[in-house]
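Naming follows writing order (A, B, C, D, E and F), and every chain is counted from residue 1.
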Amino acid sequence: MKTECSMCGGLIEVPDDCLKGELVSCPDCGTDYEVVGVGGGQVTLQAAEDVKEDWGE
Amino acid sequence: MKTECSMCGGLIEVPDDCLKGELVSCPDCGTDYEVVGVGGGQVTLQAAEDVKEDWGE
Amino acid sequence: MVSVGVVGASGYVGGEILRLLLQHGGVDVTLATSRTMKGEYVFKAHPNLKGFTELKFTDDDPVTAASKVDLLFLSVPHGSSVKVTPEIVEMGTRLIDMTGDFRLKDPSLYPIWYGFEHPAPDLLPRFVYGLPETHREEIRNARFVANPGCIASSTIYSLLPFARSGMINDVTVVDAKTGSSASGNAANRASVYSERYNSIRPYRAAGHRHTAEIEQELSQHAGRKVKVALSAHAVNMVRGIQTTSSVFTDREVAEVDVWKIMRQTYRGEPFVRFIRDRDGVYRLPDPKITVGSNFVDIGFEIDRHTGRVVVISTIDNLIKGAAGNSVHSMNLMLGFPETQGLSTIPLHPA
Amino acid sequence: MVSVGVVGASGYVGGEILRLLLQHGGVDVTLATSRTMKGEYVFKAHPNLKGFTELKFTDDDPVTAASKVDLLFLSVPHGSSVKVTPEIVEMGTRLIDMTGDFRLKDPSLYPIWYGFEHPAPDLLPRFVYGLPETHREEIRNARFVANPGCIASSTIYSLLPFARSGMINDVTVVDAKTGSSASGNAANRASVYSERYNSIRPYRAAGHRHTAEIEQELSQHAGRKVKVALSAHAVNMVRGIQTTSSVFTDREVAEVDVWKIMRQTYRGEPFVRFIRDRDGVYRLPDPKITVGSNFVDIGFEIDRHTGRVVVISTIDNLIKGAAGNSVHSMNLMLGFPETQGLSTIPLHPA
Amino acid sequence: MVSVGVVGASGYVGGEILRLLLQHGGVDVTLATSRTMKGEYVFKAHPNLKGFTELKFTDDDPVTAASKVDLLFLSVPHGSSVKVTPEIVEMGTRLIDMTGDFRLKDPSLYPIWYGFEHPAPDLLPRFVYGLPETHREEIRNARFVANPGCIASSTIYSLLPFARSGMINDVTVVDAKTGSSASGNAANRASVYSERYNSIRPYRAAGHRHTAEIEQELSQHAGRKVKVALSAHAVNMVRGIQTTSSVFTDREVAEVDVWKIMRQTYRGEPFVRFIRDRDGVYRLPDPKITVGSNFVDIGFEIDRHTGRVVVISTIDNLIKGAAGNSVHSMNLMLGFPETQGLSTIPLHPA
Amino acid sequence: MVSVGVVGASGYVGGEILRLLLQHGGVDVTLATSRTMKGEYVFKAHPNLKGFTELKFTDDDPVTAASKVDLLFLSVPHGSSVKVTPEIVEMGTRLIDMTGDFRLKDPSLYPIWYGFEHPAPDLLPRFVYGLPETHREEIRNARFVANPGCIASSTIYSLLPFARSGMINDVTVVDAKTGSSASGNAANRASVYSERYNSIRPYRAAGHRHTAEIEQELSQHAGRKVKVALSAHAVNMVRGIQTTSSVFTDREVAEVDVWKIMRQTYRGEPFVRFIRDRDGVYRLPDPKITVGSNFVDIGFEIDRHTGRVVVISTIDNLIKGAAGNSVHSMNLMLGFPETQGLSTIPLHPA
C-alpha cells in the first residue's frame, strides 16, 4: 500500500501487513516515519526523530 | 641498544630497560621478535610467529 | 527508417550522439563528418564504438550533409554553426544545433557574451531552445532546435522551481564544477593530462557565456529579470557537472515548501531524480551516480543562517548536458517515445 | 517471469547483478539480501538504481533465499559460500556462485591457495566453471555454476589461444592491474581514499589465489601443465582490470600466426573484441574503453628481442569479470538469447 | 634543543607536523602519541617518514605528554581537546591546539556550531587564534594557540582585504572544494576509495562549523558583523582546498582597487602569493601549484554583470591549513625565524 | 658561486632541475633556455616557482648557453642533444645530458633502439653513465655525464643486487608503470586529459629503448649478457614509476639471501630505502610514498610456485629518475656534499 510523504509528497510503500511501530522511510527525501495507525486499508505515519549522522568530513 | 635483525641485517632498536617477553620489530623487514634474553648490555631475540594479516583485496 | 547525420562527429559530443543513436533502434546513422579524419572508421575517434558500427567519416560540408539526411546534428564549435545554418534552414532539413549560435533570442546579447555580432538575427526566433522539460510542445513541432549549454541546463534545472514560484530574487550565485570533456577534445597546453590532473581550475570565474541563456530562460518563467553570478571550475574528472546555487529568498522557506515547488515543476518528468537523504554516502546529487545516464539529479539544503536555499544538481555533461538532451528532442520531433534509447542506468561504483 | 534473487546484494558485485537484471527484461528480481541493511531500499547501497526499483533488502539467509526463487546469485566473500551451498544444492535451486569456493576441481588445491580444507569436495564436480566461451554447453545444462575470478578470467582470455595451440610453454608471467572495486566495499585503513589515491599497490606480488583456477583451465586446453607467475597491483581507478602476459614461445611466431589462433579461438564470440592498431590513441586494450561493457578486449605485441608474445587484455571486473559473465551464464541456463541485457556500448571519454 | 611532542600523531595532521618538525632543524621531536599504535614506529602510520626517524608512538595521555615537553601540538578530533586542555593550561606547557575547541571567543556559539556547551568558557580568552598574518604579535607572546580550521583560513585570507577596507557587505557566498585529507584518516563507508573517487560530494551544503570562526575574525577587521554563506564540497583529490568567494560590493570596484587592498593587507608576508595572469595555464589559484607548500595563493576576477568580486584562494589543507600554520606559530612563540622549515617549493607537475 | 644553466628549461625535467637548484644553496642558476618562451618568466612554465625566482627564459642555443656557465644541464628530446653536444664537449663545459644520446657505449645499438645512426660514436666513451650508486667515482671525475632513463634507473636499482650476485639468469620480465610526466609536456591527442584519465595505456608493450641501457649496465655487473623483457604502461597519475621484475633464479632462494645481496649492494647509500613489511598499508614500494623525494624504494617477494623473486621498486621519475639524479651527479662533480639539496621528505598522504 502506498501513502504520501508529508514532507516531500513522494510515495512511500508500506507493506500491506505492516504493524504499528514499524519504521518506514521515504525514498525521495529520506524522512523516517513510524507507523502509528493501521486499518481499513489505510495507514497513519508520524515522522520519527531526525538523527542525522555525521558524514565524517 | 641496537641489535642486528637475523632476517635482513637491519638494526633493531631495543630499549635499554627492556624485559623478557617484550615484542620488537625490525624497521626494515617487519619481522617481529620476542625478547627471550637480556643481560650484560646484550639482548637475545627470537622471531615471533609470522601472522600476515590480509590486505583486504 | 529515418536517416540522421552528425556534423563534427569526431568531437566528444558528436561521438556521444553516435553512441546513443547506435543503441536507439529507431534511426539509421548514415553520415558522420569530420574535416580531419575523412575515410577513417568512426571508432578510430571513438574506440568504444568498436564492434557496433563500421561507419566511416566523410568530409561532407554541413550543407551537403544536411541534403543527405532527414535530421542533422550539428556538433561544431560556437561561431561555426552560424556560418552554415542559414543555408540549412532554407533547405528545411531538421536540425539540432549543439552550439550556442541560436540559443539566445535577443541578438544584442551575442556581442556581449559571445564576442560576435550575430549575422542572422532573423533566424533566432525560428529556433526552439531545446530543453524538453520546459519547451516540450514547441520541440515536438520544431524543425530547428538550439540545444542548451551544459552548465546552463544544469543551472536551469536547479533554479526553475524557484523562478516559477517567484521565490528567486536578487542575484543567485552559481558555482559550477565540470569535468574535462565539457571543453571538447582539443589538444593544447591547458588540456594536457599532466597539467589538468589534480587541478581545480577556475576557468571562468566570471563572464561565462551560459549566463545569458540561463537568465533568458529563467526570466521567462519568473516573469521578471533573473540575475545569475556564475563561476565555473574544471575539476579532476572527465564527465559530469555539478552546480551549487545559492538562492536567496525574501521570506523564510521550509523544507516542505521547497519540495512542493520541486514536485510541481517536475511531476512526471522521466529524466529528473530527486536526491536527498538524511544519512548514507549519497545525500545530495553527486556526478558519480549520475554520469552515464540522461538524468538530472536535484537536491537542496536550507541555510537559515543566511536565508538561502542551496540547490545542487548534477548531470552528465555529454548526455543530459548535450547528446542525451538532443536525442530527447529528436524523439519528440520524430514522434518516438520520449525515453527511447535514453533509459540506461548509471554505473556505481565507477 | 522467472524470479531471481541475489544474496550479498549490498556488495559491489551484488549491486552490479541487480543493475543488469533490472535492465534485462526477462527476469523478475524478487529478492536481495543483506545482513546489515535489512529494510533499506537497495538504492541506499546502490544509489545509481534510484528510479529503477523500490526493492528493499531482506535478511533472509542464503538457504531461505534459495527456497524463494528460481535462480540465485550468491555474491558473498570467499569461504562463506561453502558453508551454505551444500544445502542449496540439495534443494536444487539453480545457483550461480560468485565466490571461489567451487571453482577448483582438485580439492587439494584449496588448502594451498585458499587456506582452508574444502568441506564438501564431493560437490566440486557438480559445479561448472562459468566461463561461457569455454564451457558454453555445460553451462546451458548446469544447475550450479562457479563464476570465475576477475583476474582469472582476464588472464584466461589472453592465454587461451596460446594454450589451445600448444604455443605456451615454461612459465607465463602475468602482470595484473586492477581498480579498487575488485576488492569489494569493505572500509578499512587500506581502502581509505587518501591512502589509495595516486597509489600503485602491489597487493599480491606472488601467491594470488586466481593462479590456481587459471592453471586449471589453461592446462585442460593445453593438454599439459601450464604455469603462471602472477603479480597483482591495485592502481588508481575504480573499475577495470588489465593483464599483461609474457608468453614465451619455443619457436619464433609471426603476427599472422597470433591472429590465426586468436580468430580460431574466438570466432563468433559476441563479447570478445580485438584491439590492435598501428597508430591513434588506443592501439592496445585499455580499461578506459572497456569499462561499462561486457567485453573482453584483447591485443598483442611480438617481442623478438626476448622471444615472447606480450598479450594484453582488459575487462570491467564487475561486468565481464563478475556480474556480466554470471548473467551471460544465466541467459544460457534459462534459455534467453545469450546477449540479452549485456550489449551496452561503453562510454568514451569517461 | 627545545623538545616538542605531538598528541594524536597517528593522524594526518599529526603526521604532517612530524614531517615538518623533522626537517625543521631547531627542535627535537621527543614524543608522538597514539592510542591505537603504541610501540609502532611512527613510519608505520606515516610511511613517507621512513629513513628520517626511528621514533615510536607512545600512548601517553595528553596531560602526561604535556609534562614531558616544552611545547605540545594537540592534534585530535573536535571535542576531545576541551576535555584535557584545562589541565594542560594549568600546567603551563606551551600548547598549539589543532581542534576547534578554543577558536571561538563567544562561548554561546559552541552549541550552535559545534553541538556542545563549552565546558571551559573562561579559558577561551587565553587562546590566541593562530593565524600569523593577523595575530602575529599575540602569537609571539602566547602560550596557548588555537590553530584555525582549514577552510576557515583559506576563506579568511581571501576576504580579509575586503573586510579591512570596508568593501564587504551583505552576505558573502563561499564555495569550498577540499581534498579527502581534510577529513582525516578514519575508515568508513564514505571514505572508501571506490565511493569517493570521481565524486563531488557536497558534504556540507550549509551549516559548516568553520562559518563561525570566519565570521568572528572578519567581523573584527570589518568593524561590523560579516556574514558568510559557505557550502563545502569534497572533490577528487587528496590535498588542497580552494575557496571561491563572491564578494558583493556597494560601489563598482576596479582591478586597481582590489590590487591596492591586497597589497596593503599582505605586504611582506612570506607565505602569501598573488596568482593572476591574463594567459597561460595558471591564471588564478589552483591547488595543483600550491600543494606541498605553506603558501596561500590568492587571485581575483571582477564581475561587473552582478557587481561582485570573485576572490579565489588555495592552500594545502595539511600545511597552510594545519601543520604549516602551526609550525609558523611555533616559530613565533619560540623565537625562530618565521619561515624556518616552511620554505619548500611546491611540485609541478604532480 | 658556481653558475649553472639549463637548456630545454621549459620542459618538465628542466623545470624540476630548476626547482632543485633554486633550493640547493651552492649554485647560481644563471640561464634557462626555451625556444618558445623567450623573455617569459620561468614561472610562466613552472608556476610552482613563483616567489622563488625572477629568472626569465632566453633562447640561447645550447652551444652559446654552454659558453656562459660552469655546468650545463641539457634537457631536450632524444636525438637533439647529439646535434650540439660535440661542440660543447670540445668547448669543455661540464655537461649533464638528460637524453639517451650518450648513454650507450656500443654505437651499433643506436640504430636498433633509437632508430638513428650515431653521428659521434667516438664521443660515447667520454660520457659516464650517471647512476651515482654504480659509477660514483667516475662521475666525480667526469666532465660529461649521460643521465640514465627513468624506467632504466628504476629497473637497474631492482636488478643490480641479482646481477652482481650472479643470481639472475634467462630473461627477466619487467613490467613498468609510469605517470604522465614521464613523457614530457607535449600537447597531442594522446596526452589530452580526457583520453588519459582512468586509462592504463600499454604504450610500449615491447621494444622500449631503455632496454638497451638496462642490459648494458646489468651485464657489466653480472659478467654475462643479461636480457630484459620490458613492457611499459602509462597509468592514471602524473609522477612516479613502479617496476615489477620477475627474476627467475636457478636455485631456490630464501628471504635472508635476498636481504643479504640487497644490503651488500646498497650499504650506506643515502637515497635507497628498503620497503617491506608484513602488515600495514605499505608493505612494498608504492610511488605514493616515494614521489617528491630522491629515493628509490625497493622491496621484494619470493614466489616459490614459479621459482622467481618479484622485485619491486619505485622512484619519482622527475627526481630520482631525472633531475634529482642529475643534481646528485652535479654534487659529485663539483665537490658538494652528495645529498645537498636532495633530502626532502616525501608527502603523505598526497
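Some points to look at:
Definition applied: a contact is a pair of C-beta atoms (placed from the backbone, for glycine too) under 8 Å apart; a residue touches a chain by one contact, two chains touch by 3 or more.
For each chain, UniProt lists the protein as follows: A, B = Lysine biosynthesis protein LysW.
Remember, it's a predicted structure, so these values are computed and weren't measured experimentally.
Looking at chain E and chain F, the chains in contact with each of them are B, C, D. Least step count on the touch graph, chain B to chain C: 2. Set side by side, A-C and C-F show the greater C-beta contact count at C-F. With every chain reduced to the mean of its CA atoms, the largest distance from chain A is reached by F. Of all chains, the one whose Cα centroid sits at the greatest distance from that of chain B is C.
Rounded to whole angstrom units, the spacing between the C-alpha centres of chain D and chain E is 45.
Rounded to a whole number, the gap between the C-alpha centres of chain A and chain D is 39 angstrom.
A straight line joining the Cα centres of chain D and chain F is 38 Å long. If you average the CA atoms of chain A and of chain F, the two centres end up 63 Å from each other.
Shared contact sites, meaning residues of chain B that touch two or more other chains, fall at 55.
Across the assembly, chain E contributes 12, 50, 180-181, 186, 188-191, 194-195, 197-198, 201, 237-238, 280-281, 291, 349-350 as residues in contact with two or more other chains. Contacts from chain E toward chain D in the complex involve residues 12, 180-181, 185-189, 191-198, 237-238.
Those residues of chain F lying in contact with chain D across their complex are 171, 173, 175, 177, 189-190, 194-195, 197-202, 205-207, 211, 227-229, 231, 233, 235-237, 240, 242, 244, 246, 248, 280-281, 284-288, 291, 300-303, 305-308, 310, 312, 314, 349-350. Listed in rising order, the residues of chain F touching chain E in the complex are 12, 15, 19, 22-23, 44, 46-52, 180-181, 238-239, 273, 275, 277, 280-282, 289, 291-293, 295, 344-350. Interface of chain A with chain C (complex): residues 6-10, 28-32, 50, 52-53, 55.
Considering their complex, residues 13, 23, 25, 27 of chain A touch chain D.
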